[in-house]
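Both of the next two complexes hold subunit A, though its partner changes from subunit B to subunit C.
So, the complex of A and B:
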């Protein structure tokens, strides 16, 4: 107004014809979007697929999951079928063996063999010896290392083979490994689902009601968190014996605490928002407020933490199996196979290499996948790219 | 550049994997003639010598000389998975500790290699001669103690030390673990157990000190000198030193520090403790004052605690230890190596059956147990685990007559208890199983077998888990496995006394006195408190008592028949199901020369009598 008052003469001098009223006869509205609207999950998806490492990780997880489901049925062996005359067989895949690449051909170096026995066809069937190396005299005896086609050495036909070799009871490692991967994944997924369920319910109630309820509930989590995991596992095994139930329970009993804390913090963040107050004013009940109005805001962090918890659970299961607290024989798991395989690492490396590769891939993939999801769900990154 | 690096990394990963999966490696082809040299062997398997220099194949002279010198020559280097814990002979728990106690202390009698190292002899170590029978009944024995024996610090070692040791073994306040064994094992000492339990005075006990070099023992039953010597040769009866034992004693006289560290221990045996770092390393040096020092070639023994067997194997391959025990997988690698030594173990591994389990009454059914017995393909299992198949319970190491070097299994009675095909008879097993199931009114049976989670036990248990259902029908029989730590398993097995349903099937293996197989059966008598299984049989007890205490037991062939009878009573009704007898496998370095020509019963390879020849 001061501007007009000060320049009154100047403005009054401007002709009114220079002005006209706009939109008096038109409806005023926003311009229609030229693109399709994007929902929350579509937005997450679009940002997720931009992360190449996460996509590759997801594909690897899918492939491993596929083999975990169908792999054990891909050959004629079952996971517990013993071939006591064919123990510790090296890996052999017929079509790779024909390529003469030097691996997956059933070749094996038999160390410290008597040279004088090499011509005995009962010990070394014709054509099984590929190479004789490291000749030496030990206590006057001629000793060599013999590279053999172990399948011929055992008198097997060209068709019969163990793709990834066999173990100390002649069981097929391919079948056992994929069944083990299946078991590891089941343990991980089931334990994580239980953790999420307990953690979400517990954290929601604690975060929503706050005050004394929160204080008591959080102190309980601290007490639970104070138990050493190995003690919890040992107690479960003592009462229920080794097996999937004990392992899942030992993973559930402690791990839901972190989910509960995370959910609680989300509730503290959202429960004071205006829309929640509005809903409460309108008489919406507590449970509906918790699970319908506030919890959906936490869905991103929950999914992300679950994905990151899966490799932790797989690792924990493997660790327990490795220290001898694993599944009941003859059920395999990756950890059980690693535990047995490392004892013969120097003699039969294939028995540890394949399960080690699978667990490494699973761990890396789930971590990368979890990271990708975290970035995709993070609302602060929306539109950042 | 970045792409090239990635390619290189990928190629490296693939080649590493390929190397792991392939048995092929570079080397000579078979087409040319091979040159065999000693040098290759020495570099590869013998490693560096103690002085750090490698020796070529030039002519070697024996550095030990013609006779062992007072200080000996060369250090025997061992690695052990077990820790010693305590060198107190009265309280040790591990058999490995007893080996080290025996190395550094003396018993009245001991086991020695014969002059030609082909057999074992029992003879006086601290005792000057065999026990002297002082009465007609054979219940009073005098023992003369060798003169001139000394402790490491030069103090005299005589009958007073033996008497003090005996008193401490049985001391009621100390409540030593080994007291009951000393009171009553191969011989029963008058009132010894009563004194230990506080029901008699020391004067009443049948142990007397006559003079500085004479002791007297009064026994409950009649015995012969060999039984007395066997009883007194147990490592738990090794001498303890009064000064050190009392110095370590607490005010209540309920515990002593003796044998817990070098500071609280003093040696007198063939070797003296030179350096001891608990749970890590112990070094012994030759005792020049030992009565049989002229048979000990070594200057000392060094033992490192290496718990991981793979690390032990690497130490051996690097030439840092002189022998190593081979695991099954390592044995497969060295199967044809001439340096491999095989030793039968003094125990038969068997399946124990809880016959009083109220939840599985079929376990009390004799036909069912026999079905399990005849259903074990021992030969196949033994070839997997590289053990000996055993359908018997008395191991091949158990001697009936030490002087004649006759084992029980060599005798006609021992052979009569053997079965064709190592007791594996699938048809008979199936028939017995069907009959038992029908008698018990069962269509399907699920049993659980507890086992300690070791590589070997897992393999054996998993073998039975597959083979029994295969034989009896997977739809009719299922075997579940339950692994647990050995200590816990031991409690579970012995828990049948308070909880009859504590287990169904498990594994056992007793290490009995190999010079007294009749005494080794004590583990199955009704009066043995630490039994694994609820086997109580009056007839068995009767035969045991007859074999161990009856007056006619020394008559020709009587005891032999009784041992055979006890074995039959255990096996025929399949109260235990023997499966295998372990074979220990060792790999020995070239620098170590054994005195024995292979395994000798009781003394094994007599490592302490070997020579270092580099």
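So, the complex of A and C:
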């Protein structure tokens, strides 16, 4: 009986062209690792750049920081130089003024002027009138509102101008604003660094040792937490006076608690892991265990929470300035400028607009940046608080 | 549970005592005399006043008198500068209702709006509506309330003339509400955003859970399952962020009150500091602390009721 017919001759006769090799052309990927392994921070970076909003926020922060450093030196004024005859000047940038866009042209609306006087060069110097609006007849007199180039109206040359206008003492708002942004950023960054430092040390000791130490240390933070923020800050500034140092310290004195708690909870999560046990068995000292083995695990949450603390610090600083506990004159800060500008808001809105835009941009950017970092460090938290 | 509440109340009183002590010492040891610098008071008058208010005695003794008056008579001392010879309590009594009104109205108006925005965003997750809500949330959370207040004052109050630019203390009824509309609105943005963001995150997570699938399998409509099962489960954690908002009910409006010239608590604290009206400053600081401590207490207790695990933690 023939189980299998010998078909070899038959198959050999079939033309080889009819056959096609499968899989030969496809590249086999996992034969060996060709790419480099991606480290933790590279991984974070890759996730971070995917989030467009945070990247834009980071760029805005960089731009504002750049101006905070170099902005005050960009024109000829200093932050405390007063021009008593040039107070409350409107903003004017020469090359934008030439384009006739209706802003940054030194325009100032003077209401209820006599129409007949418009051609009087004594009252309105050559070329100062930008626009005549709202003509009307009052008691037989022709009355108009005139938009004038306030710089020419005051008889100044074309070159002299305040880019963002001047304040009630004739100080340049551009210079003061960027200097104020610098002050606000310094206060924010220094206070956040301090509270991260204190919080990390305190939290790691409390979290690592646990037990009685932990209980006592946590009671202390509970007491500090019970003090209302506004009371602590006020008392602190009352005792130590207003100034950069006391503002920074007043922000640190309460804010480190949350960092400490966060670090503590991270320690509780990691200190029971096997690798810690292994390290301890090998005779690693407590300090090394805390700072080399356990702490690096919480680097993500620490960076994230400090980034989110920065806008809070900026807000607190301007808040203090608003209630009159800010920096001493003539030192500007965004909050000081806002609260001064607020008083003349209805007459000269431009004095509020620029600081308000800067502080809003800074707050929005830092918030978005912080959110982006949080998502990058811990993708599982995306969208949560 | 009872034990837990007693523990918290005792802790509250200890903290309050510490705050009173610190506040009293700090304020009293500050430079600046209670009397005017001009010196139109004769030495005899000053001596008599000192004797009456015990200013000539050591600070420890003064503190003793202060505590005695507060605890036995409910007497917080007498205002020396802001409204001379008026008891501190009376001075504050006029200011508190305004601040409370503005803050409570804004909070109660903000929470439903925030809830609605959060629900809509969670249901329409990853659509244009969701993105819009998220965008507004970022803006509302980031931009400080005083920037909003300034914008509202300028555009709505001054340019459009729809509402008064400053608060009118003499108005009553609807006119009062009309004049406090802008400060209330300015204070609403942040709570709206906080509630909306939190609820969106919570609800979006709940919607994906299996009991929601079960609810729909049972035959509930989309709306029924969302409201009865999804929303109810998201409400528990939401209480954790809404209740603490009441802690800010007196401190949060400080700047906004300042901008709209509201005669509330905010301005008074700073004024009393600047005028070295010591008794008033101490009373205001203690008052602020008390409100915030009581809120924290309420929060803790309500956690205990909402989430029994917290109660167990408190007993250990």
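What we mean here is this: the second predicted complex is superposed on the first by the 312 of 385 C-alpha atoms of A that agree within 3 Å, B and C clash if a C-alpha of one lies under 4 Å from a C-alpha of the other, contacts with A are read in each partner's own complex, and residues count from 1 in each chain.
Everything below uses one rule, namely that a contact is a pair of C-beta atoms (placed from the backbone, for glycine too) under 8 Å apart; a residue touches a chain by one contact, two chains touch by 3 or more.
Fair warning: this is a prediction, and the values are worked out from it, not measured in the lab.
Contacts of A:349 after superposition: both subunit B and subunit C are touched. In the superposed pair of complexes, A:84 makes contact with subunit B only, with no contact to subunit C. Looking at the shared chain after the overlay, A:143 reaches subunit B, while subunit C stays out of its contact range.
In the superposition on chain A, no contact is made by A:65 with either subunit B or subunit C.
Shared-chain residue A:367: touches subunit C; no touch with subunit B. Ranked by how many residues of subunit A each touches, subunit B and subunit C are led by B. Legend: residue contacts after superposition of the two complexes on their common chain; A:134 is shown touching subunit B, with no touch to subunit C. Of the two partner chains, subunit C is the only one touched by A:319; subunit B is not. Within the superposed three-chain model, A:103 lies in touch with subunit B and out of touch with subunit C [touch as defined at top]. In the three-chain superposition model, subunit A touches both subunit B and subunit C at residues 238, 324, 345-346, 349. Of all residues in subunit A, only 222-223, 226-231, 234-235, 238-239, 311, 315, 318-319, 322-325, 338-339, 342, 345-346, 349, 352, 356, 359-360, 363-364, 366-368, 383-385 touch subunit C in the complex they form. Subunit B meets subunit A in the complex at residues 17-18, 20-30, 34-38, 40-41, 44-45, 310, 327, 329-330, 332-339, 380-381, 383-384, 453, 455, 458-459, 461-463, 465-466, 480-485, 488, 590. Residues of subunit C touching subunit A in their complex: 11-12, 15, 18-19, 22-23, 26-27, 30, 138-139, 141-144, 146-147, 150-151, 153-154, 158, 165, 197-198, 200-201, 204, 241, 247, 251, 254-255, 258-259, 266, 269-270, 273-274, 285, 288-289, 291-293, 296. Within the complex, the subunit A residues that touch subunit B are 80-82, 84, 87-88, 90-91, 101-105, 107-109, 111-115, 117, 129-145, 147-148, 150, 168-169, 237-238, 241-242, 324, 328-330, 340, 343-350, 353, 357.
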